[in-house]
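Below are two complexes that have subunit A in common, paired first with subunit B and then with subunit C.
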Partner chain A sequence: MKSKLLIALLLILASSAVIAGKAEDQQIKSRQSAYGFAGWNLGKIKDQVVDHPDTYNKDQVIAAANAIAAVANSGLGALFGPGTDEGTGWAKTRLKPEFFQQPEEAKKLATDFNREANELAKVAAGGDAGAIKTQFAKLADTCKACHKSFKIKE
Partner chain B sequence: MKSKLLIALLLILASSAVIAGKAEDQQIKSRQSAYGFAGWNLGKIKDQVVDHPDTYNKDQVIAAANAIAAVANSGLGALFGPGTDEGTGWAKTRLKPEFFQQPEEAKKLATDFNREANELAKVAAGGDAGAIKTQFAKLADTCKACHKSFKIKE
Partner chain C sequence: MTFRIKVWDLPLRIFHWLLVAAVSAAFVTGELGGALQDWHGRIGVAVLGLLVFRLAWGLVGSHHARFSTFFPTPGRVRAYIKGEWQGHGHNPLGALSVLALLGVLATLVSTGLFANDDIAFEGPMVGLISKDLSDQVSYWHSLIFNVLAGLVVLHVAAITFYLKVKKTNLVLPMLTGEKRLPHPVPEHAKGAGLIGFILVAAMSGVVVWIVASGTLLHILQPAPVVPPAPTAAQNW
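Our next item is the complex of A and B:
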């Protein structure tokens, strides 16, 4: 009887681990989607205000900046649960374990990204391409800072 | 000389195909990210207004609805270029070739999604959980309609 109970307990533990793994993988997949969507919109703004300013389209840049702000304001913290420095969403996560070892730094970098993304949405609405370019650079710096600290290089 | 010219031409054609393939794969990856991000936010709203209404949090539902509207308003059409019913972004695309054979239907379904997503953002701002639930169902219907016509089942 004891061994049967032990097997049953082990099975429960094993299935819990699978469920936990799936929840973590879903968080990883959602955050890869969120940053992938933000990246596409960052690329559009870079194209129109940095690389080819002759193609600047106010409405398109507003939509892109609003999309990035919506990502920043969507509560991304919920997608960085414990253990999500390991696992596979769309692809294997590139989050460094340091993210969980330096929570104050992670919070600061997330706050920086949020602030500059919301500022970009405001500046984009104003329609001054030069001001958008300046603010875009500030936002891009917050991306790079976080990648440097917490994202594994490809 | 003629054969050298032919080889050079073939090399150019081959590398163009690779570049074209990469551009298509990037579109597929960006749209998988966009819908993945929208799906995460749809899941949060479903959780708070359909499955566990006792957990309804007005600000979180507003942020989620704004995120979905930002996806809908981001110009997704640019991610459905010719030939993108084949290729691999984060994963192999599940877009049916019918999408390109029925452009009027595709446009109608995209317009429906856009309209209901923007309406959900408006209703979410009002803070009436019942009204949000009704509008959420309308939006979900537009997702299902498009999947039925144009998305390959897993």
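Our next item is the complex of A and C:
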């Protein structure tokens, strides 16, 4: 009887550890997807307003900017739960543990990104390629700022 | 009585100070990244051109610019340590430092060509390798930069040591091209001259263009890169 109880307890413990790991891995996976998707869209905007302005297509740039803004407005903070500086999503996470030691700084960098992403969507709707280029640069700087502080290089 | 001798020809001096400026600019833009990342790539590829130029000038430049003149063979290094070395260009230890600087810089530039910043910049040769490998190479790129920074510190420290302790100004000759000696020195081989300089510079420019324009990538990998935007057939 006792040993059965012990086994049951062990099973529950083991599975909860797996499930707990799963919840964290799922957050990591989702944020990797979110940033990867944002990066794809940012790349399209850069291609059309910076690298090959002759290919500028207003609708495509609007679509891409809206997609980035949607990512920014989706509540990404929920994907940075405690303990998610360890674990594996699509790949081993690159979140630095410092993220949890400097919550103020993390919040500032994240909201900077949100603000510039929404501004880019607004500017894109205006259709002025020059203004989009300027706003693209502002947004890219917010990506860099956060990566510099909280994303592991290796 | 002092005699002036020519140690560094004009193309070499121009190369040297352009390299200082370009590497400093690459450092600043690399650290800042973001919107400046494009400039980082452009400046880095310009450094590639400077390195190609230096390589060629090390073959056809004037006497003291040539690798064969200053290559630090074990014999030369031994002679220098015993105090028996009698040259006027790079001494064997300085030559080691120069070759190390050029070698590390070449590695740094080469890795940069395959690097990406995970935002909106990719080196012009990224198409040849996988994203995972490019991420790895980007990491090496930042590590190798630290090696370069260490060598630069050593380089500047050595020059300061010569200035303060050995009372020899090495910076002035790199500006004027001349050194003053208490005795005359026989004439040395002249450099390739203006036409040669123009040819070597043009060749370096062509290398830069081939790399930066993606032509090299297309030669090595003719398959088209996936288009980033929806195609007409699939514009949903």
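Methods note: the second predicted complex is superposed on the first by the 143 of 154 C-alpha atoms of A that agree within 3 Å, B and C clash if a C-alpha of one lies under 4 Å from a C-alpha of the other, contacts with A are read in each partner's own complex, and residues count from 1 in each chain.
Convention: a residue touches a chain if its C-beta (ideal position, glycine included) is under 8 Å from a C-beta of that chain, and two chains touch if they have at least 3 such contacts.
The structure displayed is predicted, hence computed values, not measured ones.
When the shared chain is aligned, subunit B and subunit C each come close enough to touch A:Gln60.
Of the two partner chains placed by the overlay, only subunit C lies in contact with A:Cys143; subunit B stays clear of it.
In the superposition on chain A, contact is made by A:Ala34 with subunit B only, not with subunit C. In the superposed pair of complexes, A:Val71 makes contact with subunit B only, with no contact to subunit C. Judged by the touch definition given at the top, the superposed model places A:Ala131 against neither subunit B nor subunit C.
Shared contact residues on subunit A (touching subunit B in one structure, subunit C in the other): 39-40, 44, 60. Looking at the complex, you find that subunit C touches subunit A at residues 32-35, 37-38, 117-120, 136, 138-139, 142, 228-230.
Taken in their complex, subunit B has these residues touching subunit A: 29-30, 32-37, 39-41, 44, 60, 63-64, 66-67, 69-71, 73-75, 79, 90-91.
Taken in their complex, subunit A has these residues touching subunit C: 39-40, 42-48, 50, 55, 57, 60, 136-138, 140-145, 147-148, 151, 153-154.
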